[in-house]
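Could you have a look at this structure, given as structure tokens, before my questions?
Every chain is named by a letter (A, B, C and D) in the order it is written, and numbering of its residues begins at 1.
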Amino acid sequence: MKLSYFIIMVSVLNIVSLDLYAHMGYKNFLSLEDAKQIANAAHARAQQENWNVVIVIIDAGGHLIYFLKMDKTMLASNEIAIQKAKTALFYKRPSKVFQDRITDGESGILSLPGMLAFEGGLPIECNGHIIGAIGVSGVTSQQDGIIAAAGLVGF
Amino acid sequence: MKLSYFIIMVSVLNIVSLDLYAHMGYKNFLSLEDAKQIANAAHARAQQENWNVVIVIIDAGGHLIYFLKMDKTMLASNEIAIQKAKTALFYKRPSKVFQDRITDGESGILSLPGMLAFEGGLPIECNGHIIGAIGVSGVTSQQDGIIAAAGLVGF
Amino acid sequence: MKLSYFIIMVSVLNIVSLDLYAHMGYKNFLSLEDAKQIANAAHARAQQENWNVVIVIIDAGGHLIYFLKMDKTMLASNEIAIQKAKTALFYKRPSKVFQDRITDGESGILSLPGMLAFEGGLPIECNGHIIGAIGVSGVTSQQDGIIAAAGLVGF
Amino acid sequence: MKLSYFIIMVSVLNIVSLDLYAHMGYKNFLSLEDAKQIANAAHARAQQENWNVVIVIIDAGGHLIYFLKMDKTMLASNEIAIQKAKTALFYKRPSKVFQDRITDGESGILSLPGMLAFEGGLPIECNGHIIGAIGVSGVTSQQDGIIAAAGLVGF
């Protein structure tokens, strides 16, 4: 078999397999469509509970993809929701982990840069890779966490 | 007529008139529903033109209500779209006004705080009051301006 | 053929093809090894020219992967090199483009957020995707540009 | 003896003595070569332990000389490693000192500017003078401290 045939075959296999990957749900980045799906699921739950919140979706580099603020949510929630999402992304764990460490008396973590020690920020993972994060703020941190988790159900 | 009856009457009239106001399209603030309607109209036009952009809606205080970033839009557009919306809101005029003044040689305006001299930011008005702004970035500033204007059609 | 055999075959093909991808030079992120190779090539050229510079490599989200400051380089170059790399990444083009637009009299671009209008910042691309950027500062912007370009030769 | 001869003699002695100083290992500033030696020793130990970390070397003024981020290290480590190095330099002591004081209940130190209360930042000293600092972040603070110390062995 000639080399050129081999290269063509490999290329075709690559395209086919990447396409299959997509069909199998593999994602290496978070699209606007993904972000909307997650945020809308979270928003629907917030409406159902009658809780006013800000919902934020960021990409793997920490940049905004999608943001919505429900009416009457306090202004502080804009920045809090962003910082919760960044905490989950930059530290590769739910922001609740830091809230629990504070509760356990580990006040030294308050010196960590860009860390917000409240529930409501979750990494968004796909096939073991973190491809973004969701952040929610507006009600109690436990309720914010419920809304954030609702966003990731079915994703 | 007793004072208490009078107070009740005035209260009822107030409620009725506010309701009429709402039915007549009067808004004294931009709701999430409004923001989504404007952003979705802009987004639909961007998709039709096959232009990738960031679309931002801010409230009367300059705070984010709604934000979406189409896939493949350059990262710089996140901040640019926000700054265009803020320019339109804080200076009560389309951001294009400043682009034109630069073109006319008035470079001194570059010292104006929080001013971005490119088309794509528009105030959102209702009954003569500015209640927010839209900012768009991602393609040429003229194209960004077309998308921003499309958002306000029918609002 | 049973479905399970099919799934196994697809999985094997995926692994094989991704491995081939890697062998064919496809990268979807910039590794430390990549960053060092690029920075070392730039550094070697700077030493050859006897130019003292800062060399910065950032990832697709704008975060530092690798940074080196040659002795005697002015302190300002630390931040300039980072901003040149970010300009190239966030605006998806060489930072020289903005220097040229300023030279052509388009002073309005000075209001663009996070934009540094000097040569020396280049996007790092692989298979048509921007996966990071290099920034160089220390000598003239033209010389900085020569060092940055030398980094990308052979990558 | 004429004054001019005297001046020449002193100059020659200065040059000779500075040269002797250098041969005796005296350094009054941290060169890129020094920074790379320290960082590479730390990096080698991190690879040996299979720990992913960011390693930072700053000069006597707190400015970056050298920075490397191993693949898969969490993004937060970029800023944490820099802050650990700055804590060690600005406060002239290992950053672990502050972690220990927090553990001892002295939470008031959280108000100290630019202080990060976690192990992993060490001053770099030469002949009793602090000429820079190393900061490491990515694993536990104790492990970060082991990597930082490994960098200084043999320097």
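Throughout what follows, contacts are C-beta pairs under 8 Å (C-beta built on N, C-alpha and C of every residue); 3 or more make two chains touch, one makes a residue touch a chain.
The shown structure was predicted, so the numbers you read here are calculated from the model rather than taken from an experiment.
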Required steps from chain B to chain D (each step between touching chains, minimum): 2
Proportion of interface numbers common to chain A and chain D (over half same, under half different): different
Euclidean distance of C-alpha centroids - chain A vs chain B, Å: 27
Chain B-chain C separation of Cα centroids, rounded to whole Å: 35
Shared interface positions of chain B, touching two or more other chains: 75
Contact graph of the chains (line, ring, star, complete, other): other
Chains grouped in pairs wherever the two touch, ordered by label: A-B, A-C, A-D, B-C, C-D
Complex interface listing, chain A residues touching chain D: 62, 89-92, 107-108, 110-115
Residue ranges of chain D touching chain C (in the complex, touch as defined): 31-32, 36, 61, 63-71, 75, 78
Interfacial residue positions of chain A with respect to chain C in the complex: 10, 13-14, 16-18, 20-21, 24, 28, 59-63
Residue numbers on chain D that touch chain A, as the complex places them: 74-76, 79-80, 83, 98-99, 102-103, 107, 110, 115-118
